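Look at the two complexes coming up: chain A is in both, with chain B in one and chain C in the other.
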Partner chain A sequence: MSQYGIAVAHVGSGPFGRGREFGLLLVVAGTLTLGSASLGMTQEVRANPHPATPLSLADPVGLAVFLAALFVAHGALVLSRRRTDQILLPTVGLLGGISLLLMERLPQGLAGGLGLGRTQLVWLVLAIAVLAGVAALVRSDAWLRLYKYSWAAFGVGLLLVTFLFGHDVGGQRLTLSIGPLSGQPSELIKILLVIFLAGYLSENRPILIEESTRIGPLRLPPLPYLAPMVAMWALAFAIVLVLRDLGAAFLFFTVFLLLLYVATARASFVILGLLIFVAGGAILYQVVPHVRVRVDLWLDPFATASGSGYQVVQALHAFARGGLLGTGFGAGLPLIGGALPIPALHTDFPLAALGEEIGLIGVLGVLGLYLVIIERGLRIAASAADDFRALLAAGLSLIIGAQAFIIAAGNLKLIPLTGITLPFISYGGSSLITSGLVIGLLIALSDRGAELQSADAGRRGARRAVAVDIAA
Partner chain B sequence: MSQSNHLPDSPGPTRRTRIVHPGIGATLGRVALSMAIGFGGLAAGAGYWQVVRSADLSSSPDDAAVIAASRRVIRGEISDRDGVRLAWSVLDANDEPYRRYSDAAMSSVVGYASRSFGSAGLERAYGAQLTGITSADPVRDLVRKFGTTSSDPQALRTTLVAGLQEAAVAALGRDRGAVVMLDPRTGEVLVLASTPVFDAAELANPETSSAAFARLQVDPASPLLPRATQGRYVPGSVFKIVTAIAGLGSGAITADTTFPEQPGAEKAGLLVSGYRVKDGHHRATGDTALDLTGATEVSCNIWYALAGLATGGDGLASWAGKLGFGAPIPFDLSTAPSQVTNGGGPLGGGFADDVELANAAYGQAETVVTPLQMALVASTVANEGLLMRPHLVLAFSGRSGSVTTQPEVWRRVLPPDLANDISVAMQQAVQGRLGRQFTAGAQVKGMTVAGKTGTAQLGGPDAPNSWFIGFAPAEKPQIAIAVVVEQGGHGSDRAAPLAGVMLRAWKAWAGL
Partner chain C sequence: MDGTVIAIWLLRLLFLVGIYAFLWTVVRVLLRDLRAAARQPGTELGRLLVLASPVGEPAVGANFSLDAVTTLGRDVNATIVLEDEFVSGMHAALTYRGRIWYIEDLGSTNGSYVNGSPVDGIAPLVFGDELQFGNIQLRLERSRQ
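Showing the complex of A and B:
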């Protein structure tokens, strides 16, 4: 009862009210309106140095549509009458809104059809719809946990289909087209991977913790259970070799190691995994020219500043130009001969673009938003009802966190650059929809009210946990 | 975090807490911590590029904003030290600005800023200032971001003397070569000439730039190479001044050092590790064992080879390093590094053996130098052993005010008394009875000139490069000079008379 009292105090409208989410969404709306005004005034002054009314919004219609989508999503969550997380939607809303402002101010020709800003708006609205739909409607996780091997098989199948029927874009075989639709399956594969890992690790967790094979000083997992680890390693390297997608491989392996650690609390697994990763990386560096180019570019992009290192160097220049405060939306990112010096700015280097226009302060803010997502996700994992849901929530939040880290670190020349997206900010439908799906699932998993898991799975888990308690 | 706080509806609290295996909260905490550390690393990385490296990257000529601005902003003017306009902007038919230049003689320093072919020289080095992306006042730069006028183009007043530079190019004539003149007391560079010249105006004019660039790139005389800063030449005997600085500075020799074996070796050659270092001339000194002044006056290779061996490879390389050898000279324009040896050898300083060291000591072997580097050597002796940092900018000025460059000590190379020993030797080389035959051309009526010629053998049938370095007036030096004429023959043939012409022109300009 007392907890209901606390809930009422801070949501303001009953146990299923979402007052905090509404309040935060208002803050997001205000922030984005200010950003839009800043961009609008810069554009206005650029076009006419002495405008009659300098006060204007960059794209009021786009902003209104996006904010409406956020509030409709909020409404859907309120109507679903579930006691779920209220921080994630506003956080995603702010990231998406920043993305919308960025895409609106970049040259619109970067995307065909509607243009960059409008296309991104469509994908953002769809991503929020997916997020809200999943968060409101997914009430059971049995369909995920019971068919984990099927999901894994589906993922591997997708990988194969992409290899066989996908087409190359920019030296990577990432894109698969079915009729008029095209997308990047590796985006979906990462979710399938986390579902499989959550299922596998939760089922075998006690064995992985309690039993081990000793080889020298290392305590390895029991040998039969080493198989999936090897399989994951093989999958990661297959992705590098087959799809030539370093970023996805790095992301898969990172999330895998982190989840393995969450499930077993055994640092030796992580160390072993890192050793395997380093060894595999060294081999790939020797064997695959594409990997070698990336690593050499990372070590000294300035050596080839006018050749292959051009984009990386120009991205560092963009960060440098932004300085502490940035140039302001619309005032940075100079065009040379009508074109951006970084052609892949909207997909691979959005952080560099933000670094220039909203400065170090803005970059720290954006990084902070990802930390909020990670914190919320791990909190949901910590309070999850069972191992499967804990691991699933942890895995989903780590997908977003690790992906943001890998591309941001690549932009900042801390690690080799890989072409993965900055979640909710990079241009592109596959990435946005997948990220929306991830956050939607996280919100659904945060449900504190209704009973989610199937009774059957719950009993199995309970029996094993009790057995472990007795053993301990 | 406690589980039960978040599970108010739990029908059986014991069941819920049991299902989550003990310990998962702790591992999640550690994962959260590792992610926080990772993102802390990102923040540090962003801070590095956006704060620590912000100024130098965003004012670099490769910066996109600098390149973009240079296409639309009216760049600041460049002038010589007396205010003579060297570069300014005009508008084309579409009202887009392009650059005009006063004189092709200045092009190797001033460079060019072309819409299609990038930039070079001062136009490149100070693109950010000339286009006004960076101004003299950092606070103003910060405030400017919030205003509507986004740039404050700076006018650049150089240390150059247009008339002297034109005289140098005229004196070099059809020869390839370079002349560097600087004030040893301040490091201000008055002349930085390189021939053959190219016409920067042709490259900057959008109507002629493509054809001009295509032609200049394939020109076998490589006029686009700024020889004064990036030409690397075998120095020959002008390098002896470096050996003297190293020998005196390290204490291996004094001004009075003589080598008993030297007169004999004049005839038979000096045996070093089974190899004979030969010298062909100065019969006039007979069997006298020479000291520093005598050896410098007659340009004795044997004496300098012995001095170099006495100094050792380490000594020669490290004292040359104090003069700027071994790395690009910090300067307004990019410079090629000068070297005493290719390095990698087992001997100290990276020399292959004593033979290489002995030959390097009088400026042959693998020793290569830039004209600017040799001008700094002369400047160091002239300024009593104190090497000033060379520079080309007197002042930047724009709306936000102006900034004047102050003379800056680069290094104390020698104590004044040792520098004076070398100065005396260099005066004797120009004014002395025996030195005159080499350097008479460099003499100036009414002013004592100190100097040293060089005749750099290139191997093969090519005529040697002709060198002169020196300074004047010897009693109170105000100008240091280095002249190189590619395949100009003996130092006395071409470089010394050319230095005489330039020193006379300088004397007239300075009103002495």
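Showing the complex of A and C:
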């Protein structure tokens, strides 16, 4: 079996060693220590122009805890003895570490209790634990594959519950509280959406590819199979109307179109999808004031630069101040009248903060890390043994990628700003935990040995074999 | 310029260098993977993995690379020979057209089954489908890239 030969050659030490992952984690640890030293010294000089100690780290305990969590996760993956992807964990580690430095640098009062940096640290460690747990323990995808309609129903249920019992934060009804816990269900719903779409599209792929209804020059999918497309569109529409969550709606529809294209390789579907998206957007612009505000802010934030356009304008200024190399960690963002220039900096505008402090070069590096995640996901999809695994892997990585690029483009005023999070960098527990879950699933799906066991798919067939024996 | 300022400036640059060192290492790994994938011969349309085979011919775990037209049966002229008393001479054919695999039962005595349902004429397949001919079970898989 030649493919195993290649896999073994990559690992370095032994068939189950993860030498490459370890090496990359060392690079991550070194980089983050440098960043922390740069932040620490800048803060030191700010407090006292002639510091006593020449070198100091910002919050060495927090950094040590985070790096320890990464290496423990690495150890767990080594112990799980699976031949899985070795690049995703260090990539997530670097993104998370940059987030930690950013949150330590911002005013700690933005989050109650432990303070911003420490709260983010707790969520990051939990996200890495989820990632490692899923990557080490999930060995079969049957529980996702077989119950796709149940998962979809669960997602729609979550949406309804959010609508009925959620409370409004900043004009959007996103947050759901159960006792002391509160979270944003749309984060979980996006994973459920990918699972459902992977199941649905892998089952109906032949029909979607081979049959078509011709209307004029367009080759449309057979009409009954247009139904899910329309349903998806209606769902996105409903999210905007009811939850006023532009970001989630945009993300869901983008991922739907991307997966549809991955499954069928037919551009006509994507063109059709974009057309109904534009039509829907035009209607929403007329009907929903919330949407109109967002689009007007995007077209000309300077018209209301001290009112509703304030955040967007300040973000653009932050990017401009950063220039090529940035001002350095801790040196940007002067407080204006004791408050941050961008109120939602830690959740909606982390890229603007990074743009100011690590500059264009740093931001391009961060976007490069998201590209690495997408590349790994598509690679895992390309080498998956069946359509469901392939579509699931592609969908999971594309949802992280699409989310990162939608919010990054929003920060840069390329598209209207939507309040979604930058995966692994924005402050917030729901986003970090679900992103950890996504990457954990991706690593589990990359297992090259899993398809040989065939435990779950084989069982169905085995029962049939007995039946055929009796019939024969 | 005092020493601390220069030190901070160096640290800032080194942090950026660190991010790109990471990306550089990863890109090198990715390129090596891509080259390894490119060296693999030809474009494979799909594979058949043997899941169950009581006689042991073909052996369980064996992998067959598929041609655009692949016939299966007990006959020695079949592309893939299945040794089982419930399999007909020319049992079934797998054909690849327009990015889809199809299965056709060639009038076998005991029929062909996809995921447990009998094949009637020609039926489209998706990767991951399990095929059964007599006591032999196979799974259609995507080729590795």
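Definition applied: the second predicted complex is superposed on the first by the 441 of 472 C-alpha atoms of A that agree within 3 Å, B and C clash if a C-alpha of one lies under 4 Å from a C-alpha of the other, contacts with A are read in each partner's own complex, and residues count from 1 in each chain.
The definition used in the following text is that a residue touches a chain if its C-beta (ideal position, glycine included) is under 8 Å from a C-beta of that chain, and two chains touch if they have at least 3 such contacts.
Please read all numbers here as calculations on a predicted model, not as lab measurements.
In the superposed pair of complexes, A:347 makes contact with neither chain B nor chain C.
In the superposition on chain A, A:383 contacts both chain B and chain C.
By the touch criterion stated above, A:37 is placed in contact with chain C alone, chain B being left untouched. By the document's definition of touching, both partners, chain B and chain C, reach A:375.
Contacts of A:408 after superposition on the shared chain: chain B is touched, whereas chain C is not. Of the two partner chains, both chain B and chain C are touched by A:328. When both complexes are overlaid on chain A, the residue A:206 reaches chain B and chain C alike.
Once the two complexes are laid over each other on the shared chain, residue contacts for A:45 go to chain B and to chain C alike.
In the superposition on chain A, A:265 contacts both chain B and chain C.
Counting contacts as defined above, chain A residues 3, 45, 205-206, 209, 265, 325, 328, 359, 375, 379, 382-387, 390, 458, 461-462, 465, 468-469 meet chain B in one complex and chain C in the other. Across the complex, chain A is touched by residues 1, 3, 5-9, 15-16, 18-21, 23-32, 34-36, 38-39, 41-43, 45-51, 53-58, 60, 62-65, 67-69, 71, 142, 145-146, 148, 150 of chain B.
Those residues of chain C lying in contact with chain A across their complex are 3-5, 7-9, 11-16, 18-23, 25-26, 29-30, 33, 36, 40, 49, 51-52, 61, 63, 86, 98-100, 110, 113, 115-116, 124-128, 130, 132, 134-135, 137, 139, 141-142, 144-145. For chain A in complex with chain C, the touching residues are 1-3, 6, 10, 20, 23-24, 27-28, 30-32, 34-35, 37-38, 41-42, 45, 50-51, 54-55, 87, 90-91, 94, 202-203, 205-207, 209-210, 265, 325-326, 328-329, 358-359, 361-362, 365-366, 368-369, 372, 375, 379, 382-390, 451-452, 454, 457-458, 460-465, 468-469, 471-472.
Listed in rising order, the residues of chain A touching chain B in the complex are 3-4, 45, 49, 205-206, 209, 258, 261-265, 305-306, 313-314, 316-325, 327-328, 331-332, 334-337, 341, 355, 359-360, 363-364, 367, 370-371, 374-375, 378-379, 381-387, 390, 394, 398, 401, 405, 408-409, 412-414, 448-449, 458, 461-462, 465-466, 468-469.
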